[in-house]
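Letters A, B, C, D and E mark the chains as written, and numbering starts fresh at 1 in each.
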Amino acid sequence: MSQVIQDKVIDEKLEWSRINADVIASMQSPRRAYWVALAVCIAMLFCAVAAEIYQYKYGMGSAGLNNPHMWDMYIATFVFWIGMSHAGTLLSAILHIIHAQWRKPIYRFAEAMTTFSLMTAGIFPMIHLGRVWNLYWVLPYVSDRGIWPNFRSPLVWDAFAISTYLSSSALFLFIGMIPDMAILRDHTTGWRKKFYGILCLGWRGDDRQWRNFRRTYMLLACFLIPLAISVHSIVSSDFAMSIMPGWHITTFPPYFVAGALYSGCAAIMTLFVALRYFFRMEEYMTLNIMEKTCKLTFAIAMVWTYLNLIEFAATWYGHNIYDKELLIDKATGPYAAVFWTMIFCGMVVPFTLCFQKLRRHMPSMLVVSILLNLGMYVERWMIVAPTLAMSHQPHQWDVLWGTVIQWAIVFGSFGWFGLLFLIFVKLFPCVSMYEVKELCFHLKHEIEEEEHEKQHAAKAKAGATAGGGASPAGNPGLEGA
Amino acid sequence: MSNHRLLAMFKDFDDAFEVVDKIKGKALSSVEIDDVTMMSPIEHPDIDEKLGDRPSNIAYFTLMGAIFGVTFGFFFLAAAQASFLVQPQGGKPVIALPTNFVLMYEMLIFFAVWTTVITFLGMSGLLSRRGTLYSEKLTVDEIGLVVEVSDGDLESVKSFFKENRALEIREEKV
Amino acid sequence: MSLKNILENFSYYRRDAEAGGHHEYEHRFAMAIDLDICTGCNACSTACYAENNLPVVGKERFEAGQAMHWLRVERYWDEIEGDYPEQGAKMIPMMCQQCGAATCEPVCPVAATYHTPDGLNAQVYNRCIGSRYCSNNCPFRVRYFNFWSYYEDSWPEPLRMQLNPDLSVRDKGVMEKCTFCIQRIRNAKDKSQREERPLVDGDIITACAQACPTDAIVFGDTMDPESRVSKAWAKHQIHRGPVTAKKQKADEEIRGYRVFDELNVDPSVMYLERVRDTEV
Amino acid sequence: MSVKVNRRKFLKMLGWGGAGTALAGCDMPTTVTLEEGKEEVVSYLMPEEYVIPGIGVWYASTCTQCEAGCGLHGRVREGRVLKLEGSPDSPINHGNTCMMGQSGVQSHYNPDRITAPMMRKGGNLQAISWEDAMAELSKRVGPSSGVDGKRVGMVTGTISGHQSVLVSELLGQLGSKNHYVHEQINTSVWRTVCRDMLGDETPKLNFDKARVVLSFGADFMGVWGSPVHNMGEYAKFRKGAERGTLVQIEPKMTMTGANADLWLPANPGTEGALALGIANFIIDRGWNLVDVPARIRGTLKQYDLVTVEKVTGIEAEKIKRIASLLSERSPSLVLAGASVENQENGYDSVAAIMLLNLIMGNVGNTIGATAKFAEASMQAKQGGTKDLLLLAKALSDKKLDVLLTYNTNPVFTAPDVLQVQAGLANVGFKVAFSMFPDETTLSADLVLPIHSGMEDWGTHVAAYQPEGAVMGFQQPLMEPIHKDTRGFGDIMLSLLKLRGSDFAKFDDYYSYIQTSLLNMPSSIVTSTGSKEETWNGILQNGIVKTKGTTTPLVPKLVDVRYKPAANNSEYPMHLVPSARLGMWDGRHANIPWIQEAPDQIAKVVWGSWAELHPKKAAELGVKNGDYVRVTSASGSVETQVYVHKGIHPDAIAVPVGQGHEEYGRYAKGRGVNPLKILNPIMEKRTGELATYATRVKVTSVHKTGRLVKMGGSEVQVGRKFVRTISSSVFQRTEKEV
Amino acid sequence: MKIVTLKQLVSMSLFALAVVLLPATSFAELPVPSHITPPVGEHVGEDVPQPIEFPHNRHVKDMKINCMYCHTYARRSKVAGIPPTSKCMGCHKMIATEKPRIQKLTEYWEKGESPRWKKVHDVPDYVHFTHEKHIKKFVFDADFPVEDVQQVCGLCHGEVREMTVAEKKKPLNMGFCQRCHEANGGPGDCWKCHK
């Protein structure tokens, strides 16, 4: 079999009308597991809401925070969700720019994941604020009191970066969905028809629209990539701009970006398996796509591993005593178990992705991807907590494991994300229909072309054989010797 | 003057492109290639080649948005900092350039993205009224070709359509 | 107009700490704490509780690490091989060091902490939104956060009547820290203005310095060359500003030092090394 | 304005809103709604010229938190006392305060103060009116009560000044000689030795003249004598032309020990042997500045280095070094404190220690005479634990019908074996004059709530008078917070008036002390100016300087019959019921600031703990936070362990002050009281309770918890927060410039 | 260095707005002292019933008593202070003793109690405001005639001479203070006013 056929990510012979029908059907009647997942998410969210109400009423002390641990899991979780949001951009923008066709069936949910994990992430700084009712003070607005936010603070950068990223990625997601909205408008009934009729903004699919669409989509993709990188660099600045050991590290921005892409890819793998099952998407989310995702994840995992080791090495060779002792404490101190979990899940587990059999085995991939995510979560925690626990001032050393309130909120954030995501995939096609059509169209042509060439080559070969033993490219003399 | 609009539906792109080629080749008096609009469920890569050079100017607006964002960013921040008297912090200057660069960068992207999107909505005729010449099959797998013609060329265009296996032809008066 | 302002005063707005800062300091309050005569008796800390409306948090919250002692007397043991700490314990009163180039200031998202013309590290309680970044970025860990509404149960009637009306009682969600007794500074300034005379050394004394049974804490203005604290700083060869080659001590054996001077934060508290007679 | 006008009138509190009282500074939501007409403003009725709302006024007074008698300045604003500072005029504290003095306001504003008289009815204390209370009192101790004066007793803490006069008068009137003065934290043995060997109970200790201070367990900066004064002197001792060297020998590191240049734990109870060993070595080398009679020489001979090393556990090399230090850097000052005094052999050990002062010629040099207040009846009556034993005996022997208690809490401090609580049942009528519902107060039949030190008038003559004989003057800093409390002096006066006396002419205690102070004979004060001026001067200074009487010291060597404590195999460990500045004997346990203030050494808050040496902890298999049971022959307590090296391996220190069964919300039911398990061992020569002589065994109870203490790391991990240089460098860089 | 900024633009526009929105008042207003740029802002106060309905108008307008005669602490302390009852009684032992309000006051005096006045003008607890400094700057240091002090007081307290019991006429919020501080060169340091 040829390379194209062997690698083909989708059956090119899919009827276009079937693509429409399948995707629409999936939105209307998912498997029961979907509803179970939805219920679980709501329950999780409920825990978090209850915990947050308590915390709001009584103060941050209920989260168990204390003098050295002014930040803890909330910020770690914030970084985790921000990180996860990078996968959508990666799959959709970067792979779009480099024309990787296989992204097409799965980029939609990855982008949705971006938006929703950003929405989850954005909540955490609020939950974590002591006086959240004054949150708007972070925004630059003209006030007769003559006061402004402090633009020097990385937290204000965060506010700028997150709002830019959230609006841009939401727009990117929306723009990319317009042609699909038109499909849904044309092929659904009832409220859905009206709903999509509004959202498709009057898309007809004429050449002018397609042309501008392509241009816009490309421009947005181009902006989204540096934006995504800047967002996570800025999040890393929350730490890197400080003076604390274990935070004030030059490699933090790229390290964070790599970590973000890593956790994002891992999350895509998880959701890939889940959606494929929930919505019976086996034909669209094919194993070949999974394989490619796995390979990409592996590559990024290695980048992250490298940067992580570089960070350790830099700390070690930098010989700043505070940093160095902290590193030793991380590996041997009270957080050692967590630290080694991070090393195992982040650096060792990805090697399972080298095995094709495992890559094509969905349950294994579910487990692996969850392990990778766990590794990435504890990585964030390992950034935030040990520095606070063992910073410059030994008198204030303390180890914190958080209270029920804190855990409930962190746990519930997964429910919140899941809820948003599950509602999204129920309302909007999680597979981009028009792009799958494009994919089939191009694939068909490539295969035709290839077959054409093959026939051509076969003919030429036949001709050459018929024409005698003379080989124009060969060097019989040498070969004979 | 063109006073008719015709919509023809085709099974695949090749049929539609043949019609376009014919319209280009025959040089009908009232039909220019610019009068032809092609509607499709996906974007065919050769569409530009076939329909001729139809520019899209979104990028210029994006550039404008970006430039505005970065300049506004700097002056907005600097003005706020210079008028906010409680800025002596950590021994840093009042107008702190490194931080402003970071925020300018964000504002560049913010404004660029929004201008791009707004321009896109305007330029591609979204949010405007749809003509009646539309078929729901366009979002399945059929290709539509809309041609604006005058009375004289109406029949010849129709015949092109039929010759090229048009599945359906609709017509409306302008 | 703003534009004009920016352009005309650009260089002024660009002055940083190394260039002398954009501040025209009126005072630079500082301390000198002699660890040789500091006995670690805790009078300063209690005086601070009394002066600054510090809440008593109770056992459970103390255990959770949520105590609010702006001034804490840290006690360290020697890392020794022998059976006994023959040179006693090491005590150090640790409060906000009012750093000249404070790391807590630039990270506050709402500018609730900033540097005053008195050289103090101000915390504006009612501006604080509780992001707690400042505390995270403080190498001395001397910023305390109101994790709970402490005022609700710290001062049952009639204890409440003891509260000092010269400063706020803080509610939950607000960061707070040692202010070098800003209310005393303010009162002393008001008094000197009322009496139409300049502020002199000794007009202001912080609660801790006033209580100290051994007078180990000396408080004053380093801009006043005649003040006791200026003289102590000069005698012990500690200079304001980040440590540069020029500003290094000429004699390393002179006792003055600032904690974490190597971090270049320019603390306003000079400690004098503890002395032990090693010959006995 | 006439002197006679009761000044309290002007101290009326302003309303809360009076002048910008800050409460709950940052309430949510942030949009502060300042509703009009919600807060009240109350104006003064008739203010003094100098009282301005919004500006604090300082009044002078005297601290009543312990017996040292420090001068205070109280900041009063809008009629409320806000802050206490030391009075710079006071020769005792020179403007400084300790944490107890600082917490005076919390004692005064304490939420658990008794607000009304209470009477035991049907087994329970019930609130009654003052009229009823006074009627009851009159019924029981009045002339018509038929009470036998000899069967009336009074227990107080250290008492002085006019209060003391009134108490003596009252007891005299009744014909009682049973005045028990009980102080758990005392220097009784030291005082006795000083009396015997120097001729003065409270000689002046000139720390500033000493080049070396050798302290055997005297926590002079913490709970020994006059701590604030001593700390001031200590600073001078360190800052003098030559930095003084402090050597501390004690079983458990106290705050003073923490500041020592050399800290050593001798085997508990053998400090006397160590002192004798040092003396022997000095005399052997001929370093002594004063000759020693042959008989004493003979005793000393037994204490050669080898023996002493064996007995005390202190290396011979170290003993030599201490001895040579005393001789090289004379004059020195040698002190003895609780851990030495309160042993069975306390007197002899202290005498042995005092011997060092004598042979090194310190007497008259670093130890001088003090001025005594000329009027003996107003001098401080100092107490100890001897009176506690006497009281316990009187109680069990049913020798008392009426017992008055004031300013002391014997039910809390007495060991269980003395059965004070049970003995009180034998007393027909018990009256407690108290601010707080502590153990003793709640055992009483009649509880009379008294004013706090910030509400009452008073005079205090400190026991230790370092600079001339002064009387501390205490004036109210504000109106009484509770309307149903009365001054102790006022109650005493009305009791005295029951039988009619010279005191009938005084309306109240205020007029009594005012008249008394203004009419002091010229032998006591030199009065200048009018009475009004004098009185204003007293009000302003908070101090009355008097002509004291000074008698020179007469050093006298006494025979030392020192005998080390015997070993005890069943109870191998020594219990150290340590006290600290702040908690004192437990009287401040209900002050939240004191509870929250960490112990100076262990840094533990809000509870009890037991200090153990790492060696011992390893033997027992316990670590920080684990619970151990400390058992003596008289009982046991269970508490958490704090392990550190600042303690003798054979000693376990359990701090005194916690373990209240009553008292207020902050103290009650918190921690354990080591005093309860003390064995009834007496110091042989003085009859004091030997509180440090109890032997215990320690067992792990295999339970663990988190020790609530301040501080994460116990060491600096090389971070150089506290840097140390050697004295010689210091001498070179700072003293010789 | 003259800084005209966004902030001032805003305050100017607010001022303009206030001018437009202000109802045209016909009665003679207090003149604004020429050396002060007045603070801008209006507030509609509530009626606060007081224990004694003290007629400010009678004392200020009719009797021409200086503000600082009664509020004597204003120039010496941060609070202006409610006059002590002894001050009231100084006059009212003789004057107008038959009036019910005065009788009520006398009743208080004889009982030895102070009336419990309701606070009308207040700043939040975290604000340090001092009357003393404002009076020093705008009256004594500016050589402003002390007898006209009500013009200065009126900038923040409104036309008290027209009121019986005091009514809040100015917002007394941070914007109000801030604009005046900028216009009159008051301190811009947070800790000058926040505690």
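The rule is simple: contacts are C-beta pairs under 8 Å (C-beta built on N, C-alpha and C of every residue); 3 or more make two chains touch, one makes a residue touch a chain.
Since this is a predicted model, take the numbers as computed values, not measurements.
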item	value
Lowest number of touching-chain links that must be crossed from subunit C to subunit E	1
Partition of the remaining chains by touching, absent subunit B	one piece
Chain closest to the middle [Cα centroid of all protein chains]	C
Which of A-B and B-C has more C-beta contact pairs	A-B
Relative to subunit B, chain with the most remote C-alpha centre	D
For subunit A paired with subunit E, centre-to-centre distance based on mean C-alpha positions, whole Å	61
Intercentroid distance (Cα basis), subunit E paired with subunit B, Å	65
Distance between the centres, which are taken as Cα means, of subunit C and subunit A, whole angstrom	45
Mean-CA-position distance for subunit D and subunit A (Å)	68
Subunit B, residues touching no fewer than two other chains	79-87, 89-90, 92, 96
Subunit A: positions in contact with at least two other chains	68, 131, 134, 146-148, 150, 152, 156, 392-393, 395-396, 398
For subunit D, residues that touch 2 or more chains besides their own	19-26, 28, 30, 711, 713, 715-716, 718, 721
Residue numbers on subunit A that touch subunit E, as the complex places them	142-146
List of subunit C residues in touch with subunit E within their complex	1-2, 4-5, 9, 114, 116-117, 120, 122, 124-127, 166-169, 182-183, 186, 190, 193-194
Residues on subunit B engaged by subunit C in the complex (per definition of touch)	75, 78-79, 81-84, 86-97
Touching residues (chain side subunit A, partner subunit C) in the complex	58-62, 64-71, 125, 128-132, 134-135, 137-138, 147-150, 152-156, 159, 238, 241-244, 388, 391-393, 395-396, 398, 400
Touching residues on subunit C, where the partner in the complex is subunit D	35-37, 39-43, 45-47, 49-51, 53, 56-59, 62-63, 67, 69, 72-80, 83-92, 94, 125-126, 128, 151, 154, 156-171, 173-174, 187, 207, 210-216, 251, 253-255, 257, 259, 271, 273-280
